[in-house]
Each structure stands twice: as C-alpha cells, then as structure tokens.
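Here's the structure we're looking at; comments come further down.
For reference, chains read A, B, C, D, E, F, G and H in written order, and residue numbers begin at 1 within each chain.
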Amino acid sequence: MGSTSDWETMEHCVATLDQLGIDSRVRALSAHRTPAALQLFVEESDADGVEVFIAAAGGAAHLAGVVAAHTDRPVLGIPIESKALKGLDSLLSMVQMPAGVPVGTLAIGKAGAINAALLAAQILGVADPEIRAAVQRYRAERTEKVLQASKSLTRPS
Amino acid sequence: MGSTSDWETMEHCVATLDQLGIDSRVRALSAHRTPAALQLFVEESDADGVEVFIAAAGGAAHLAGVVAAHTDRPVLGIPIESKALKGLDSLLSMVQMPAGVPVGTLAIGKAGAINAALLAAQILGVADPEIRAAVQRYRAERTEKVLQASKSLTRPS
Amino acid sequence: MGSTSDWETMEHCVATLDQLGIDSRVRALSAHRTPAALQLFVEESDADGVEVFIAAAGGAAHLAGVVAAHTDRPVLGIPIESKALKGLDSLLSMVQMPAGVPVGTLAIGKAGAINAALLAAQILGVADPEIRAAVQRYRAERTEKVLQASKSLTRPS
Amino acid sequence: MGSTSDWETMEHCVATLDQLGIDSRVRALSAHRTPAALQLFVEESDADGVEVFIAAAGGAAHLAGVVAAHTDRPVLGIPIESKALKGLDSLLSMVQMPAGVPVGTLAIGKAGAINAALLAAQILGVADPEIRAAVQRYRAERTEKVLQASKSLTRPS
Amino acid sequence: MGSTSDWETMEHCVATLDQLGIDSRVRALSAHRTPAALQLFVEESDADGVEVFIAAAGGAAHLAGVVAAHTDRPVLGIPIESKALKGLDSLLSMVQMPAGVPVGTLAIGKAGAINAALLAAQILGVADPEIRAAVQRYRAERTEKVLQASKSLTRPS
Amino acid sequence: MGSTSDWETMEHCVATLDQLGIDSRVRALSAHRTPAALQLFVEESDADGVEVFIAAAGGAAHLAGVVAAHTDRPVLGIPIESKALKGLDSLLSMVQMPAGVPVGTLAIGKAGAINAALLAAQILGVADPEIRAAVQRYRAERTEKVLQASKSLTRPS
Amino acid sequence: MGSTSDWETMEHCVATLDQLGIDSRVRALSAHRTPAALQLFVEESDADGVEVFIAAAGGAAHLAGVVAAHTDRPVLGIPIESKALKGLDSLLSMVQMPAGVPVGTLAIGKAGAINAALLAAQILGVADPEIRAAVQRYRAERTEKVLQASKSLTRPS
Amino acid sequence: MGSTSDWETMEHCVATLDQLGIDSRVRALSAHRTPAALQLFVEESDADGVEVFIAAAGGAAHLAGVVAAHTDRPVLGIPIESKALKGLDSLLSMVQMPAGVPVGTLAIGKAGAINAALLAAQILGVADPEIRAAVQRYRAERTEKVLQASKSLTRPS
C-alpha cells in the first residue's frame, strides 16, 4: 500500500487472504517517496517467488503502475477513497494504464480490497486446486449468508 | 464481448492472445439479450477447463459481472468506449463490483483490450513457464520498440 | 433489492406501495452473489402474475438489468447512493441499458424509491381504475401538503 | 420531443412503436418556448385516453418533468445527447425528479429512444395480451438476431 | 423556491435583499407538484409589476426554467446543493437552458443565494439610482470587511 | 470575449442584440493577457453609461469574474465550449463565484450566447418599455416558429 | 489566499516554507472583492524582489490567474476544497489557464499546500544551493519517516 | 514525454523553449514500459545540471510523478488529452500528487505544453536576468498580438 493510512482499507484485503489460506507480505511503500525501497521490494519478492502483487493507493495513485513496471507477475490495484475527489482520481490513475503494462483494477475502497484478495486467490487457483476449493467455499458461504440475511427482509414472509 | 460492434476493440485482445500463444474462444453474447446462452457458454467453458474469462461491454456494462457470477475463474473486464459518455459509464459499471465477485478491470478501449490479453497471460504464466516466457519476450520487444521509436524524437540527437 | 443494506432506502418504496394499496413481494437478492435465486424469483413471480418489477442496487448496479433480462414485464430501477461515488456509478450502470432491454430509472436514493412505487402505480393504473384513483388522491394530498407547508414561508404573509 | 432536432433520435422510438403495433401521437413542443401548447396537448391527450407519455429533450431537459406535472399517466424520458456535455446534463435534469412526480428515464440517445417504446409496450402489455405478445416476439427476434450475428465472430468456428 | 427545505439556503437571499432595501415576495412552489399555483403566482406577480424573479431548486431543478417560460422578466436561478450529486445535477438542469429562454444562473448554495440578491439589485440599479447606491455601499462594506479580516493573517504583520 | 476564437460563438450574441435593437460594444480582451486594457475598457464603458456587461471565455474562464470585480453593473457570462473538457471547466470557473461578486451564467456555447443577449434585453426592459416590447416580439416570433416547425413532425398529421 | 477561510489549508504551506527556511509574505486578498489591493500587493512584492507567488482559492478560483497576469514570476496555485463540488471547480478554474499565462497547479487541499511550498523551494533551489540542500534534507527526512511508519505494517515482521 | 504520440502536443513546448532561448533535451520514455531508461535519463540529466524537468503523459499519467521521485529539481507536468476521457484522467493522475513530491501541473494539451515552457523560463528567470527578459519580451509580444487581433473584432470600430 502507498501509505500507512491505507491500512484501514487494506486490512480487509489481508484478512480475506488469511481466510483463504494464502500467504502474504505486507508493506507500506510509496512510488514517489520511497521509489528505491519499492523497486527493491518488488524485485526481491519476484525473485522469492511471489506470484501476485496487490497495490493500493489514493489520489495520483501510481503505485500499481510502478509495481507493474518492475515485474511480469499479475498486478491488481485498489483505488483508495481520496478526501476531495472520493477516489475518482485514484480510480482513473490506476485503471487507465497504457497498452503493455496492465493493472487489474478493483472497486474503490473496502469492496475492492476484499475483491483483490479474492481475485488473487482465483488467479492462484488456476494451478492450485486447494486454493480453488477455498474460493469455492468462501463464495458458497457468502451466498448462504446473503440468502440468510435476505430472509429478514422477505415479504410476505 | 457484449455486442458484435465491440469486435473493433476486441480484435486487439485476440491478436495479442494469439501472439502470446494462448488458445481462446470468442463469443458475442449479451448479459441482457441472450442471458441463457451466456450462462451456458460460461458453464460449458468452465467445465471444459477454460482458465480465465475476458469480458468486454459498453454502457451499462454488466457482462463481466454476470460472467463472474457464474464462474470461480478469474474474470477480466474491458470497458468499451460508449458513444455519449465515452466509456465512463462502461468503466464504472464494470469496476465498482460488490465484495465477493471481483472483476479485474482494464483501461477503456484498445489499451484495455491488449492489456486484458497480457494480464490473462500473466495469470496463466503463474503456473505455465512457457507462457511466462512469452510475456517476458512480449514486454522486452515492446520496450525495445519504444526505445527505438523514441530515438526519432531524441534531441539533441 | 441487491443487498439488505438497501432497505434503508427501499422501505420508502414499500411504504408508498402500501399507502397506494398495492401488494408487493420484497426480496434482497444479488445479481452477482445469488444469481440462481434471483432468476428463480423473477421467473416464479412472473409466472404468479407479478406485473411490475422494481430493482434497487448500488455501485456496479446490475440487478435491474439482470431482472429485465429474465422477464418481459416493465422493470423500474432505483440507483442506491454509493459510498465513494455517491450513486453516479449506480445511476450510470442502471440507466445506460442497451437497446432491447429497458430499465425505467428513477432518481438516486429515497426520492427514487418513492417514485418507483408511484410509477408502478401509474403503470398498474393504466388498466386498474382503483389504483389510478389512489394515485390521484396521493398526488392531490401531496400537492395540498406542499401548499400548506409553503404558507409558513410566504412573505409578505 | 422538445425540439424538431430531436427527431433524428426519436424516429427510432416511433419506428419501434409502429413495429410493436402501438398507436402514437408525435409532437415537437417545448416546456420553455411553448408551455401553453404543451400543457394543452398533455391535457387533451390525457382526456382522449392516451395511456403512456414519452418525452425526449436535451440540455436542461425539463420536458418530461413538465409533462409529468400535468398528467397522472406513466411518463418515460429520453435524454438527448447534447453538444457540449454529451447528454450528462440531459440525463441528470431528467432522472433526478423529486419525490411525487416520477419520470422513468432511459439511456441517452438512440438506445433510450428504442427502449422507451419497448417499455411503453411492456406497460401497455400489463393489461393488453396482444401487446405483451408483440413484446415477446420483438425480444425473441432480437435475441435470435444477436445469436446469428454472434456466429460470425465465434472462434473457433 | 421549489421546496420549504430550500429556505436554509434562501434565507441568505432574502436577508441580502432586505439589507439592500429591496421588497420581495417569498413562496415555496414546485414546478412539478404545484404547477398551477406556480404559474398563477408568476403571472400575478408579473401583472403586479414584479421586476425580477429569483428561483432556487435542487436535483432536476426545473423551477427557474418554468418561471422563465411564463414571464419576460429577468429570471435568476440558484442551484440548491443536492444530497447525492452535491448540486451538479441542480446546476446543469438550471444553466443549460435552450436558446430563447434564459436563466441567469448563480453558484450552488449559499454564495449563489447571496449573489442572486445582489445581481437582482444590480439589475434594478440600472434604472434606480438609490438601489445602485445601495449595491455600491454593500460592496464597499464587504471589501472593507475582507481587508480587515485579512489583517489578522497578514505576515509579517 | 476572452479571445478572437470566441467570435464564432459570440456573433450569435451580437446578432441577437442587433435584432433586439440594443447598442453594443464588442472587444476581445483577456483577463490574463491584457488585464490593463480590460480594466480600462470596463471602467470607461461604465463611465460612458454601459448598463450590462456580457463576458464569454473558455477553460479557466476568469473574464466575467474580473469584469464583475471592476463594475457594479450586472455581468452575464457565457462559458465557451473548450477543446478537452467541452466547457465543463469554463462553466464551473464562471458560475461558482464567491458571495459578493455575482456573474449571471448562461448555457455553454451558442445557446448561452443568444440567451445572454436576451437576458440583457430583459434587464434593460425593466426600465425601457421599448426593449421590453422587443423581447416580447422576439419570444412570440420564436414560439410561432417552433410551433410551425413542429407541424412537420406532428403525427398523425 | 483568496479568503481567510483558506488559512486552515494554507497554514500547512507556510509551516513548510518556515521549515525550509524560506521567507514569506502572507495575505488574504480576493481577485473579485479586493482587486485593487491584490494588484498593488503583487506589483509591490514583485518590485521588492519576491521570487515566487503561491495563490490558493476555491470555487471559481481566479486568484492564481489574476496574480499571474500581473507578474512574470512563477505562480503556483492550490485549489481549495470547495463545499459542494469538493474542489473540482477550484482545480479546473486554476489549471486550465490559456497559453501565455501559466499557473503551476498542485493537488486540491492540504497536500497541495505542502507541495506548493516544496515546489517553491525547488524553484529557489535552482540558484540557491542552501535551499536546495534544505529540500534534500526535507525529502530525506520524509522518506525516512515513511520507511519507519511502514515498519509497523510490515508482515511478516 | 511518455510516448512518441505525445509529440504532436509537445512540439509546441519545445518550440516555445527554443523561442525563449532555453536549451532542452527531448526524450520519449515511459514510466511503465522503460522505467530503467527513464530513471537513468533523470539521474544523468540531474547530474549534468538540468535545472527543470517537464513531463507530458496521458491516461494513467505517472511519468511526471516518477520523474519527481528521482530528482529534487522542479518538475512540471502536462496532461495529454486522452482518447476516451479527454484528459480528465491524465489531469487527475498528474495533479493529485501526495504531500512531499510536487508536480506543477499545467492545462491539458497544447496550452499546457506552451505554458510549461513559459513556467520553466520563469523558474530559470529567477536567477537568470536574460531569460527573465526573454519571458517579458515574449509576454509583451503576445499581449500586443492579442490587442492587434482584437482590433478586427472591435465594434463599433
């Protein structure tokens, strides 16, 4: 994530990864303020066999793009809701990447943070049947929960 | 893709997949006009072992979300540039998915179409070293091409 | 509605339907998380003679479009005010439907919820003089209320 | 429609109504430039038994709202694509109606024009089985056409 | 104003008119909910010699346009800050009037309310030297106040 | 106007003033590039008895605000359609004036140019019965023209 | 700054200038309400050898443009977050300056205020090695702080 | 610039620098596709004494931010007009930089390109009286040209 203040959003991402049984490394590094440390982290992680990168940033959200420039692994991006423009700036500066360097962008804020974890799991699940099964369980549980919650609003009951 | 008129954009996606040596199935099916055929195609493809879905649509672009509702495979989305609102509608209705059903969204239009192919290749490359190598070659060639093209504008030369 | 959290908005819709003497069925079902249950509900309701569908959703608001794909009854849509983009995403992903599958879209939030009920009543009133009379009474009462409320601000009094 | 220049869009609406076997009256009347003629037309049409009103306008698109103020029949609105703001102004000034006076709003431009006709037919179809059947035929034909058109893009064929 | 809830904004308009010594009539009347009462008020006011109309409304803000359709007096408009879209809808549906029926539009919210009063005074001041003098005094006082307030922030002092 | 390139839009304003029998002075002066000449022109015009100012500008459209800072006469503004942002920038930088310095803002582009002339005439018509009569004739003619044009689209004829 | 209410944002700018050892003059002067005092301040400051101007304003934010019209020194602008449109109006009316009169625009609000101070220091640092060194120290300290703060979120730790 | 396709815009920047007698180095390098070459160029240029950096990019326009991350020299940014979103994406991803790493952003497109050159000259002019004089001449000539061009539109002549 680009700033420690993004943790409020990103803890939902990490919690979802944990729940799906996926190991993760968490860092707060900035494309602008700590470019060298960021590049080092991406290159080391890549060398260590990290298979998916998830980047969250707000405003002029370059983090995901800069990560994508330094790895050929899939990079997912979460636009953080910014104070003035409510994440429209974060979204546009993340999703509108030029041809050649993709960032798979998720929704602004908490929903995006959860979904980045889930999409990472789907990606890993392509080759790992255990993770794929974890995704299927996760989705089945949520579907069940939605259907349960829905009952309280069902009318006529 | 949601409409045959999206082919103008999506042929760049298919060409990139071809170039990267990735097999693909192409269909023009609509979440709204042909929901049954769409669901059937997603479920059959899933059963056949299709590993990544790429959906392109414009306006109220529900295609990617509906595909994602019917598979646990990674789903990537390309917002097509719409006539009046220039793809802002397509982008927002694709990227702002609720928690639980992710769509990894790429840029509006042609850049997004190319990048969806590339991100799909990166995803497959997690488990397939040949595809990973193809991605690396593709990116190296593009970098080289950018550097070559750049020379004509380098001043002083 | 797409989520139980939409009830805060949609209770105004149901209250207005009740006030106009119109029977309704209420469900919280998601186009993405419970597609099968949603399709079943639409098809059963259609078979049972439900004459108008009202769908409310926020963010990438596909619910109304998906309902419209499964019935030939009139479908009305209410964009729920979303957290980051304030319902602009919900509005665009609901109203910008492609030719062939209309969603009659109302205002974002509470006003839209009330108006969806009222428009449903106007639709039913085409064939049912009692409901039409109820709409006329409802509007006459509101007009009267507006004129009364207006008196406190009339200057010079 | 609010101006004769809207005909380019609205001819698709009238053609669709014709195709569905629905009688219509067409007028170009402005909420701002010919308010008296507009009010007279709405009141006379209402008295003559017109069952649904369709209003198309661009920019500060008040036409649908003003029609809705003068009838208790369902009113549908089509935001015309405006020159500078591309119909965003038309859309917002049509859809954001206050509680009590609904306008069922369709997509900006041609898709909205076709869909207004179709939604009007769905509304009339609530009480008129022949029109309902016409809607079903129309949608079945379009579905078939989409599936046919799709074949040319199906790969592998 | 279109609703009694607009008074929170419009009291600043009336207070400014009072301060400038300009008589005013205040009404809360809706273009959609009380069109007849609105038209009557505009026509009676016009006949009584009212020289400027000021209309404030939010969302699909048609009030000013409808007033302008019923008088040849200058009409000024104040977009009220709406809940979801923050007055962008109000602004666009007020300012984008078609050729032939102008609405002189001021800023969204309180600043616009004060400025509508001031612009009305400038308009009346074209023929009335006393009002023109009142405008000049008002602006001189504000300039003085701004310069005084500025002193507390002047650094080095 | 702020630039000679605005003439394409503003000739419609001047033509309308001519048609209404109102004398005008036309200048292309920039708030940014020729501030001294602009201030001089405003002050001299004010001293000469000019009664209404009309300012047209695009992009960061400060012209109307700067004119309003130098006169207590009514100032009307026309946002010129800009290349990239289509006049949204021009509109917002013209209409969102702070309390104390109003600019009565019209629609973006040609409609705004015509309406600024008409609103200026309405303003002058407060004290000048001849101009008021000209406005009434102008509007009556336009109404007639709209009704005539409308006939070609009236169906059934 | 254009208003004393901007101080809440601008104190971060002044604090950063102080921290970097740069002398500054602070004034709250309005392009619209105190144009003469503003022009005088710019011209006197220019004559006194002020080397960079920083202007902050909200809404129709003309301050920076008007300052730039009266000096050939670099002018930096900070869009203040406005109440209704959250600073989008301020940003567009500041950054979209016409060719010939540049305003180097920073981010909306507090980040922009800090960055205007920093960019001013970078500008002065072109010729003043002490200020350049201060910028380098400031950035090194921030980088260090970001890396320290990041540690608390580093996982696995 | 981020791509050779930006040259169409940036040649106006280089032409203005030439006209002002300022030496420049021109490169087309991408933050995403050629990050190593970009970093090398910035660091070498910095070491060679380059005093101002100007970066132009479109879409997710990270170039200026990445340049600013690698130098403590002033960095100016020009948002290139993008195909779908017309440069709004480029603008927001350039101007909304976080505190600590400023990018002085100019207008979208050609005006911004010219103004970046001019602002660079103003920056260099702080220490270099010859460049300052060149800026003054440039602006005086433009003012003169505007006043001349204005004459053809002056009415009465």
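Simple rule for what comes next: a residue touches a chain if its C-beta (ideal position, glycine included) is under 8 Å from a C-beta of that chain, and two chains touch if they have at least 3 such contacts.
Quantities reported herein were computed from a predicted structural model and do not represent experimental measurements.
**Q** What pair in E-F, D-E or B-D shares over half of its contact pairs, by residue number, with B-C?
**A** D-E
**Q** Based only on mean CA positions, could you tell me how far chain G sits from chain H in angstrom?
**A** Chain G and chain H have C-alpha centres separated by 18 Å.
**Q** Taking the mean of the CA coordinates per chain, how far is chain D from chain F in Å?
**A** Distance between chain centres, rounded to whole Å: 34 Å.
**Q** Centroid from C-alpha atoms only, then distance chain E to chain H, rounded to Å. What do you get?
**A** Taking the mean C-alpha position of each chain, the two centres sit 41 Å apart.
**Q** Name the residues of chain A that each touch 2 or more other chains.
**A** In chain A, 3, 30, 33, 59-60, 85-86, 88, 95-98, 100-101, 103, 107-108, 111, 139, 142 touch at least two other chains.
**Q** Every pair of chains that touch: which are they?
**A** Chain-chain contacts present: A-B, A-C, A-G, A-H, B-C, B-D, B-H, C-D, C-E, D-E, D-F, E-F, E-G, F-G, F-H, G-H.
**Q** Taking the touch rule as given, give the residues of chain A at its contact with chain G in the complex, in rising order.
**A** 1, 3-4, 7, 14, 24-30, 33-34, 37, 59-60, 83-86
**Q** Enumerate the contact residues on chain C facing chain B in the complex.
**A** 2-3, 30-33, 35, 59-62, 65-66, 68-70, 82, 85, 88-89, 92-98, 100-101, 103
**Q** Using the touch rule from the top, collect the residues of chain G that touch chain H in their complex.
**A** Contacts found on chain G: 51-52, 72-76, 91, 95-108, 110-111, 114-116, 118-119, 122-127, 132, 135-136, 139, 142.
**Q** Across the complex, what residues on chain D touch chain B?
**A** Residue list for chain D touching chain B: 81, 86-88, 107-109, 111, 139, 142-143, 146-147, 149-150, 152-156.
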